[in-house]
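Structures incoming, each one as structure tokens.
In what follows, subunit A forms one complex with subunit B and a second complex with subunit C.
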Partner chain A sequence: MLETPKRKNPVLRTRLPTLPPAARSRVALGLTAAAALGRFELQQCRDCGTVQYPPREACQQCLSVHLPWNPQPAEGELLSSTVLHHSNDLFFRERLPWRLGLVRLDCGPTVVAHLHGGVPPAPARVRAAARLDRAGQAVLVALPEKETSNMADDRQLREFTCDPKFRKVLVTDGKTVAGQAIVKALAKAGAELIWVGHAEPWKRSPGFDELNKMSQVTLLPLDVTDSKNVREVAAQIGGKVDILVNNAEHHRAFGIGNRPGVETARAEMDVNYFGLLRLAQEFGPAMRLRGADGLASAVAWVNVLSIYALANFPPHGTFSASKAAAHSLAQCLRAEMRPAGVRVVNVFPGPIDDEWNQLLPPPKVAAAGLANAIVDALRDGVEDVYPGDVAQEWLERWRDNPKALERELSL
Partner chain B sequence: MSVLNSFIGELTAGKIRVVDLTQTLSPEFPQISLPPEMGQAWPFRIEEVSRYDERGPAWYWNNFSCGEHTGTHFDAPIHWVSGKDLPNNATDSIPPQRFIGPACVLDCSREAAADADFLLTVKWIKGWEKKHGRIPPRAWVLMRTDWSKRSADPVGYQNYDETGQHTPGPDTDAVKFLVGERDLLGFGTESIGTDAGQAQHLRPPYPCHYYMHGAGRYGLQCLTNLDQLPPTGAVVVAAPLKIRNGSGSPLRVLALMESK
Partner chain C sequence: MTRKGYEGVAVAVPVTVPYVRYSIRAAHWWLARSLSEILKTSGLRKQDLDGLSVSSFTLAPDTAIGLTQHLGLSPRWLDHVPLGGASGVVALRRAARAVQAGDADIVACIAGDTNHVDSFRLTLANFSQFARDAVYPYGAGGPNASFAFLTAYYMRIYGATREDFGKLCVAQRANALKYPHALFKKALTLEDYLSARPIAEPLHLFDCVMPCAGAEGFLVLGEDRAKALGIPFASLMGTIERHNAFAADPVQMRAGWALDREELYAQAGAGPGDMDFVQTYDDYPVISLMQLEDLGFCGKGEAPAFVRKHSFTHDGSFPLNTSGGQLSVGQAGAAGGFLGMVEALRQLTGQAQARQVKDAKLALVSGFGMINFDRGLGSGAAILGC
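This part shows the complex of A and B:
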């Protein structure tokens, strides 16, 4: 179990982030695409059924090129293990010793996997998982067969996750029901300190005063539409933030025709898109420098987007557009944060059970559900999260046929 | 010596003092807030264009944005539905001599300190006139409440609770009296509106906006430094930006007063 990290020695230089090997073929990115969603998928030949790893252009059994990525059972047998004491790779060199093993998966292939400290010596049953590493690429990890206590504390596993435990977090809006739930979930997950932003301090919001009573919480006036304010807050705490959760959001339920003018749409863009841009410009640089800052390094940036970012939901048309813009910018942010090993987690919830979705029928995502999904994503090292039944269903429809989803949503 | 020459002479000699009645435009200054489903006035926001850097090597400048009713601002009659069809009712068409007028400063600071919902009444105004003389025609009537002293604290300045905003203002009869019997130029306050915070519950709702603008009179709000003005004798210069068909504008409000 992890001890509370010691205070940093300010005489020593903060080491710059390094990354594990990041090059992948286009085919191999299939593993990353699944791991980004927290799924374990391997290539499976459509013609002969063989499951293979590592990914290849053709089936190793029958040379077929029809190799869809299918979910696979992740159980397997650890055949042997070894401990690296030397590496010429900068990333692993700084993290030695490093434990690796050979795992024969029940679905067929034998794979090299990073070993969790709780995995006993071979032979042993293990669970494999595809996890994103600090370079954002999928690698295979072997975990103990059964969940053990404090599993997430494993030194090697923590290199693949963004566990909030012992970390300092900024949640950009504590005034919403969702924001308050996120703060509470992070506190429960062991975050050491949570800064909670709140705009327009004269407007009271239910539940907000309760946050102030939590020992981890420090309230902070933060309005993402005010560049000066964002700059000053970043100057104040930017060098300490390990995880930034941007949940600040402006949401009104209008399309194009049922609201004259652009004021509402502009307000949505100002918070949902420009707000992210302002935060990224001001907090990004300091977080990038702290990607390797010990046990509690800068590690993740979470954007609460919306499933409407994938396809426009016309009754909330301008909101959808602002979230699509934010999604696009988040991809840019991800590219810029990746060299530092800081993961950008995009959350695409279905409609949240809040004021602005009042007229939408259930199922809606409860605030606590959204909060838990965010914490789970950080712990599991997932990059794209789709909380709620609506989001899950839309995601599948969108992956299957984006044009069909567009038509269905416009009915 | 002409009047203007002697005016400049007195100004240069320090015999005329210029008092700035304007709050600084800044992102922190609170803006008027309507219920969230309604359209909203923009707060003041400022973005740097360049600061002697690669975006513009030798110069510093900003772009700013705000609403017509942000910060210390002027209300034109067209702002309210009751004044929408009047002639010369917008910021660009109001005759410019109307931007200058004598000031009557009604010191309600004690009352406002005791009761945030204090309403100025006809009786109160008549009491003031007994001491300071009758309000002359075409005067700016400025309600001093010292509310501006709260402006460093946005929570106290806005003063919201579950029933909305609590700030002082005039009652319905006071507004009718000032318009109908004193022919004022306009009404000015230190809080965020010319009407009281709870004025949506008066009859009619927002009487100061309704009657003042319905009669072609003006409003000034978010004023400051009213405590530096004498009850009578100061002159206020309040010229809004010349926005075509504008309903109001942020502006610099100056008061001229004779030094003691």
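This part shows the complex of A and C:
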């Protein structure tokens, strides 16, 4: 189990981030695509059913080139293990000793995997998972067959996750129901310190006083539409933020025809898109420098987007557009944070059960559900999260046929 | 259909370009020196060579064909054998067929690699598509990690101990002390071996080959031609190669030798017990044990007992890797796959000086190479006699 990390000695040089080897063939990125969603998928021959690994272009059994990525049972047997005391790569060299396992999966292939410290010596039953490493690429990890206490504290596993435990978090808006739920979930997950932003401090909002009573919470005025304010807050705490959760949001209904003028759309863009841009410009550089800063390094940037970012939902048309813009910018941010090993987690909830989605039918995502999904994503090292039944269903429809989804939404 | 034998093929002119730990030269430099050494030793001229076989990891972006222009050769038979530790046996086998068929009269087989300060890491990072996708991102331990898995598994299943592996390493070092080109010049004791620092458990320092730069080479030609030229030679009695054997085994405990050894011994008209010495491919000691089993010197899983029974020095029982093997000479990339072949030729032609195996008439040379993902894919063996 992890001990609370010691306070950082400000005189010592901060270790600069390095990344594990990131090169992959294009076909191997199928593993990354699944791991980004927290799924364990391997190629499986459409014609003969053989499960394949390492990723390849043709079936080793029947030479079929139809090898879709399918979910696979993750159980297997540890055949052999090693502890590296030498590595040819800087990232691992700084993290030695490093434990690896050779695992025969029940579904067929033998794989090389990072080996959790809780797995006993071979032979042993293990559970494999695909995780994103600090380079943002998928790797396989072999975990103890059954969940054990403090499993997430494993030194190696923590290199693949963004666990809030012992970390300092900024939540950009604590005035919404969702924001308050996120703060509470992070506190429960062991976050050491949570800065909670609140715009327009003269406006009281329900539940806000309760946050103020939490020992981990520090309130601070933060308005993501105010460049000067964002810069000042970043100057004050930017060098300490390990996880930034940007949940600041402006949300109004209607599309193009129902509301004259551009003021509402502009306000949505100012918070949802430019707010992210301002935060990224001011907080990004310091977080990038702290990507390998010890046990509680800068590790993740969470954007609360919307499932409407994937396809425009006309009844909330301008809001959808602002979230699509934010999604695009988040991809840019992801590319820029990657060299530092800081993960950008994009959350695409279905309609949240709040006042601005009052007229939408259920199922709607409860604020606590959204908050738990964010914490789970950080703990599991997932990159794209789709909380709620609506988001899951939209995702499936969008992956299946984006044009069909567009038509369906316009009817 | 039974394949044709290898009658009438001579293997001769073993050459070594002295190894160095690091070199600022390109692979071409090493291969050129190997070839010029072959010419110097044999008295042949460049235009007498009408066949060329090249093995190298670090020749890129060139391949064998680029080397023909680089070195001003015009062969009518050309082979590129990018098979690492299997390249010596495979180069010989293919060259032998060319000579038998008359496609070439005299084939120079050369292997060489350079080793810049950072080139080993770069070779590992881009060794194969499977390695890049599914091994290198896992700690970048290279072959150390792959062989650690095999070694740990072998120890668990067959009860081998570190002392067993150590015995081979110590014996090979004793042989190496009598081989002038070996990079390791200091005697090794079992105590040194056991107390060395861990590299990838259960492997420790002296279980792992040291990458270096160097080159090796030999000639393949008809026996009549060799006699006419007055070149001492050994005859090729039989040879096999096999790739990706036993692919369904969950972890590699055997390789292609186990599939084809009967044919190998039948070609040679001899059995394992007739060999006067053996050269195994030895980048890690576990693979030597596997070869002893798969080539029929003992049963599967019996190599630990076999090791405890023999001394493995050039003057002891079961002479093995009589120049010290890669573990004590160094691993000069693809030239590592030629080391045993060149040493066997020296032994069989009486050029092994202080480490000469007495009355050496028949020898087995084995090759193993290319850890593409979790196991070595290529294997081969040849029996040479004189």
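Rule of thumb we're sticking to: the second predicted complex is superposed on the first by the 411 of 411 C-alpha atoms of A that agree within 3 Å, B and C clash if a C-alpha of one lies under 4 Å from a C-alpha of the other, contacts with A are read in each partner's own complex, and residues count from 1 in each chain.
Everything that follows uses one rule, which is that a residue touches a chain if its C-beta (ideal position, glycine included) is under 8 Å from a C-beta of that chain, and two chains touch if they have at least 3 such contacts.
A quick note: this is a predicted structure, and the numbers were derived from the prediction, not measured.
With both structures placed on the common chain, the touch criterion links A:Pro21 to subunit C but leaves subunit B unconnected.
By the touch criterion stated above, A:Leu132 is placed in contact with neither subunit B nor subunit C. Applying the stated contact rule after C-alpha superposition, one finds that A:Ser227 touches subunit B and leaves subunit C untouched. Of the two partner chains, neither subunit B nor subunit C is touched by A:Ala377. When the shared chain is aligned, no partner comes close enough to touch A:Val177: not subunit B, not subunit C. More subunit A residues lie in contact with C than with the other chain of the pair subunit B and subunit C.
When the two structures are aligned on the shared chain, A:Trp98 is found in touch with subunit C, with no touch to subunit B. Using the contact criterion defined above for the overlaid structures, shared-chain residue A:Asn88 touches subunit C, although it does not reach subunit B. When the two complexes are superposed on chain A, none of the residues of subunit A touches both subunit B and subunit C.
Chain contact summary for the complex, subunit C toward subunit A: residues 120-121, 124-126, 129-130, 132-142, 144-145, 148-150, 152-153, 156, 197-203, 247, 250-251, 373-374.
On the subunit A side of its complex with subunit C, the touching residues are 20-25, 28, 53-56, 60, 79-89, 91-92, 98, 100, 102, 104, 110-114, 122-123, 133, 135, 137, 139. Looking at the complex, you find that subunit B touches subunit A at residues 27-28, 30, 33, 37, 39-40, 43, 45-48, 154-155, 157-162. Taken together, the subunit A residues at the contact with subunit B in this complex read 200-204, 223, 225-229, 252, 261, 263-264, 267.
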